[in-house]
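One chain, chain A, appears in both complexes that follow, with chain B as partner in the first and chain C in the second.
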Partner chain A sequence: MGKNNGFGIIAKIILLLFGVVFFFYPLAVLFFRTIFLTLNFSLFLEIISANSHLIWNSFYQAGVSTFVSVLIGVPAAYLLVKRDFFGKKILKAFSYIPFVFPSILVVISFVIIFGNNGWINSFLKSSFGLGHIQFIYGFQGIILAHAFYNFPIIMHFVSNAFENLDVSMKEAARTLGANKLQVFFKITLPQIMPSLLSGALLVFIYCFMSFAIVLSFGGVQFSTLEVEIYKQISRNLNFTVGSVLALVQFFILFVVAVIFHYFSSKKIITTKKYFEKVKKLNPFSIRGFIEVSFLILLFAFIFLPLLSLILFAFFDFSTMQFTFSSFEKIFLSDQSGLGLSAISSIGYSLFLAFFSAAVATLTALIAAFRKNQSFIIATFVSSTIAISIMTLGFGYYLGFGSGNLIIIGFGHAILAFPFAYRIIKNSLNRIDVECIEVAHTLGANNFQVFKFVQLPRIKKAIFVSIAFSFAISLAELGLVLLLYDGVFATMPVYVYRLLSTFDLHAAAAMGVILISISFLCFYAVEYFSDFEVVV
Partner chain B sequence: MDLKLEKISISYSDWKMENLSFFVKSGSFTSIVGPSGSGKTTLLRLIAGIEKQEEGKIFFGKKEVTLKPAEERNIGFVFQNDSLFSHLNVYENIAFGLKIKKEKNIFEKVKDTLAIVQLTGFEKRKVTELSGGEKKRVAIARALAFNPSILLLDEPLNGLDAKLKETMKVFLKKLQKKINLTMVMVTHDIDEAFFLSDSIIVMNNGKIEQKGNPIEIFSNPKSLFVKKFVSDYTLVEAKKKTKNGKTFFEGKFVVNAKSKGKMFVNFKKSNYKFI
Partner chain C sequence: MKKIISILFISIFLFGCVQQEQNENNLTIYTYDSMVSEYGLGPKVISKFEEQCNCKVNLLSKGDTGQVLTAIILEKDSPKADVVIGIDNSLVSNAIDTGLFEKFTPKNIEIVPENLRFDKEGYFTPFDYGFFAFVYDSKKLDLDFKNFNSLLDSKLRNRVVIQNPRTSSPGLGLLLWSVSVYGDPGYKDFWKEFKPNILTVTTGWDESAGLFRVGETPIYLSYATSPPYYAEFEDINYFIAANFSEGHYLQIESMAIVKGTKNRLLAEEFIEFSLEKEFQKEIPFTQFMFPVNQSVSLPDAFDYALHPTKQLELSSNLVKEKQEEWISEWEKIMVSG
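Moving on, here comes the complex of A and B:
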């Protein structure tokens, strides 16, 4: 903001403290601690070679998940841009689900739908007398859940690229003698490739450090680095192995994040564009039939999980009646046998969400207003995307010891920071520089420019940023689970505990409350603005 | 190659073009002039085969191409916004059509074409790093490289600064004389059309208002619309004379004005037209 005024300096210090204390410091502690623990390098290598299958599992699982997400996401993006159909807006809005839908709820709903006694298996049993099919436990379950969770990211990146593609470029290729197939492979594909690759790399990063889904579906036979770090620290109390694995994972993800940033900076933005003609879906041709079928499956894939949660929360299948008994169970008495209180869970979650949303948005605002984008801010933003919960959590454990809710709140703020920053920065970038210069020539000082020109324009982005950070914190399971499990059971932790007692109805009830809060939060934002996810 | 359009009709929800016919002589430069919405770009896209007419026929020479898709018409098309392939460099852009058509000696052909548009040595450049005029010339080179039957230009001088516009105008004129190719250009600027064309088609609202050589259009506008279109201009006829061994042109320029004193008139070189 200002050059040397007090306001600017205070803002700078806040940002610096936030980044250093809650990100660089814990990571540095982790780093030096690992070096100290494995002073003889051979121990380091020994641990890596003993756990090399985990590294391979992480890569393999993330690679296949990404591939399947691409297979679903690209056609979805194509239809989103080129076709008009009922529910298009909903599909588009689904883009932000991966960032805010708690992964533990994906687990619950997949158990309800695809589990051994789930809907599909029950249907197969009652209709065809088939034994149950193993859908979710093991590798295939992880892939299925990851595909559901991450295809919207691919869809978002690729549909943006399709929209930005200059149609006259394709026409030019036609006049140069290229047929439709050649146009696709020589023009369209290379043009959307940077977006596709950066979407795919982001999905790869998320799948690589996926926690709740792998933990729940992987079981004993399939584990990854992220899950193993958690197990080593919280169950085996083997900090040496845990920290080596955390460090290895951090460096792998950092490299992938760097490649991601390379490709996302290569994304093509055309200024002059001729828009693609949007056609109505015509189900009476072969092509149209395939498209409609794909969309129906896609919508089922999207809505079944949500529907299953709501049904399990409100419906008693033995009496076939709507009931609030699941809610009574979690609120009125501790019949869940967890020794946890639902009310205090909601309280913890809300506190964390409000606290971290405020911190993330404030710091993102300060960072976004820095005029010269320093290298440190850029590194901070990129590495916060690639930091896994367990790496961060272990750093916190080593750095702060047994902390409190405030520390976790800062942790959640770190996780939400890259999103908050991009949302605000993008909105700020849209303000014409000349507008600001004009305001200065009209006599406005820096603060007045901020107050009267910039603030009104980014107000919406600030609300979106708060809602986003809020939802990210609400959905976050790993950090609390690792650091303060049993002391501060937030809503996702509560759901996770209910899952282990196989009380799906109660888990779904808590899940519905969680989603409702998130939904309300976004509804409030919708009310202020029609926002778009910017990643 | 001659170009003939016969009773072309096309309609959109709120706009239509009906029974439009015209003929362009082989090796000539024709400009289609008109305000936006007059249908000039649509016409060009119909010739290219990017857009499909509802009725009517299109002939290249004696061959009918009405049903042929764009990729089989062998036309060069220079798009208004260049539409260079941003993922390819200059060489790859120009070689694109040659490769698709599986031609031989692609390297030499690209080199020759680059020489024609005066961009020798630009092969390895990224198209995103070119200036406006360079981009335009690469777009022209790309459309020329494979020896098209006809070259279609959609507002090729649009968006260039005034100086560059003049340079490119002269460049296009020389180019056309050099390679003797049938060229059809769309423009909203009657100035450009006057200088460059052998023949001008003035369009308005999907109809041809007048067709003729530039002198006819300027000196004898047939409709109120054309009259308004050219009314800002004064056509001065100058005759060739020789005096003291020097050749020059002399003409008379009459202005009705009440103001006293001196008067200056500014003639642009690119507004001379020799017949």
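Moving on, here comes the complex of A and C:
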């Protein structure tokens, strides 16, 4: 950072320490101890070929999940940008719910809604006398749950692109005699393509390493690399096979992440000169009717899982009355009589979330400001996207041992880092270069430029980055379960424990608290700024 | 300001790296998650033991039973645990094979009935036991369960929820149970016929229990001692454990001392304590299993438990030898067609 060497060096050291100690070291330990010490190359190939069907399964599953998410997400983005309708703000705010929905709770609420005896099947049976439709068991269940989680990502990426469309080009084309289809394929599509591709690649990566959903709905019939890594290490006690598969998965996803990095930095940000008119939604035309139906289904898809949780949290099915007894049970009538563990779980969660959000945002800020070594930064960012929770978790276990809350916090920071980086980097890229140059010409040093020119313009992004990292940490269960020693029971762990004592009502109550906190976080970002939370 | 931040950062980092010193009077126990949760057995008995031994006990959860064993193997060069709780009779031979446990027979082993002392090699001490059973909602299922073949009834088509033998101990228990009823290779025919009745195979027992509780399934693989839970905590007395005339497969949970412990005497004291009434009387309502100490009187809700007339068990050597083959045969049947 030029003239402010002290500041620059400290920043560089912090970033380096973060990357080397909390990312590179644990993975090196994992792969060194389990692969390089015990394995020759032919055995390595043998393990891969014996598990090649799992690699294919992961690709296939992630591909279909991404396709379905795009199928829902793109029309949703289109309507969100081009149509004016009642409840648009609510729909926008609700689209953050999947981000903060812990996967163990998604599984149970999907059973309540889409199960063979769930709401939808009961409705179909009582109204039309239909036999049940098997929504959730097997491959289709995985796809359905992944669509729920991921279509909002596509929606946010693409709606941003729709908003930035250069309308003048479109109008020129129409004037020159192009028909609607030609305009769409030649003008609109190329403009939204980089956003759509980067969204789709990110969704692909998530679905590829999805764990709880595949484990729960895939049953015995359908397994993927990530699930097999867990089974090999945790069940068969076969660390070599588990680590080889982890390494293979890491390399596959690293390549995808690099492509993602390329597309997402290519995302075109135009300064809008012409605004396309936002049309009012008219439900009485055929097209309008289809659009309204789509929006209602979309709303139901996001809202029903939450509704099922709220009902279980507040409703006593035996007396058919609303009650706070589940909350009372959590906070007032536990074994200690003080509600200590429920409160301490909120405490642990908040501590982890604040800590990891601070670390992720600070390191992302440093990384985003580094102009040189962009290759190293790009590699690091791509690696942190490509690392799965199981791989990171086992690496941490071998590298640091377990039972340390701070270490778990750094782990969460690694998981949140690529998001924080993207958010801040995007915002930084939007600052007019001229503005900075003028400041330099007028004699400002780097620190002054940072403080007076750049910082005010990325303030919102910092805020968003903190909120996003916060929510990621709050909902995370896998890493905590591997490393917490049963001591630092965070909110998701608490929910998990309540589920295993089959107290669904109390689990739902805790889930509602957890989702409310993260949701408020996002809502605050949405409300206090016009900043789109785009990763 | 910058200095403060960097000092803070480095000190946090150092704090994170400092390993906790092993204390002479500290007993570290690894176990599965439900044991340490506030509703579990751990909190009820650990403080009692701490008073008795005048020591400090760290009861740490490592996830489920499989992960407990994983942790022990990962730490074999510098073991942190002194005692492991929760290895059951079907996992015990695998555990002994790791060579990471020490032999120990408690002085008060006479408390445990002869038929429950399953580890003849003298590593593992049993502390509770139970039987696998199918638990069903008798208001929704009008079916008279007589024996294993009742599971093949067409009324159950696509309705039964079970667990995966590779990832869950009841799941493995059911597979072994089917082998002990139908023999090898007869069990394969049973599974082929039973398959259409299976709604889903869950990873763990708790997911199955959840599906049952929300009314998604009227019958799931659980324990003979699950009905007491519903009777005691939910006031439901129509969830019943089906009684099979062939008998029910036995599960025994046990504990052992980890090889290389520096607190061998304390570990011995703890295992002996686990057989005493103070510890054993907490088992029914936390573990929902039977205590091995027969002088403990069972609570009233245990009248709803199924007390099998015949108990089934395969020899642990046979299980060790055949388990992998049986599981992969089972997987083949489940995945095919």
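The working rule: the second predicted complex is superposed on the first by the 400 of 535 C-alpha atoms of A that agree within 3 Å, B and C clash if a C-alpha of one lies under 4 Å from a C-alpha of the other, contacts with A are read in each partner's own complex, and residues count from 1 in each chain.
The definition used in the following text is that a residue touches a chain if its C-beta (ideal position, glycine included) is under 8 Å from a C-beta of that chain, and two chains touch if they have at least 3 such contacts.
Treat the numbers as computed from the prediction; the structure is a model and nothing was measured.
Visitor: Once the shared chain is lined up, is A:Q191 touching chain B (first), chain C (second), both, or neither of them?
Guide: It touches chain B, and chain C stays clear.
Visitor: Identify which of chain B and chain C touches the larger number of residues of chain A.
Guide: C
Visitor: Could you say whether A:G401 touches chain B, chain C, both of them, or neither, answering first, second, both or neither?
Guide: Touch status of A:G401: second partner only.
Visitor: Just to be sure I read the superposition right, which of the two partners does A:G118 touch: chain B = first, chain C = second, or both, or neither?
Guide: second
Visitor: Could you tell me if A:A178 is touching chain B, chain C, both of them or neither one (first, second, both, neither)?
Guide: Only chain B is touched by A:A178; chain C is not.
Visitor: If you stack the two complexes on chain A, which partner ends up touching A:S168: first (chain B), second (chain C), both, or neither?
Guide: It touches chain B, and chain C stays clear.
Visitor: Overlap the chain B and chain C contact sets on chain A and report the shared residues.
Guide: Residues common to the chain A contacts of chain C and of chain B do not exist here, since the sets are disjoint.
Visitor: Which residues of chain B touch chain A once you look at their complex with the stated criterion?
Guide: These residues of chain B touch chain A: 45, 48-50, 69-77, 79-81, 83-88, 96-97, 100-101, 142-143, 146.
Visitor: Tell me, which parts of chain A touch chain B in their complex?
Guide: 166, 168-169, 171-179, 182, 186-187, 190-191, 193, 268, 270, 272
Visitor: For the complex, give me every residue of chain A touching chain C.
Guide: 6-7, 10, 13-14, 17, 21, 107-108, 111-112, 115-118, 137, 215-216, 219-221, 231, 233-237, 239, 334-336, 341, 397-398, 400-404, 406-407, 410, 481-482, 484-487, 489, 496-497, 499-502, 504
Visitor: Using the touch definition up top, name the residues of chain C that touch chain A in the complex.
Guide: Listed in rising order, the residues of chain C that touch chain A are 2, 5-6, 9, 12-13, 15-17, 19-20, 31, 33-34, 36-39, 43-44, 59-63, 66-67, 69-71, 73-74, 80, 94, 98, 158, 164, 166-167, 199-204, 206-207, 209-211, 213-217, 331, 334-335.
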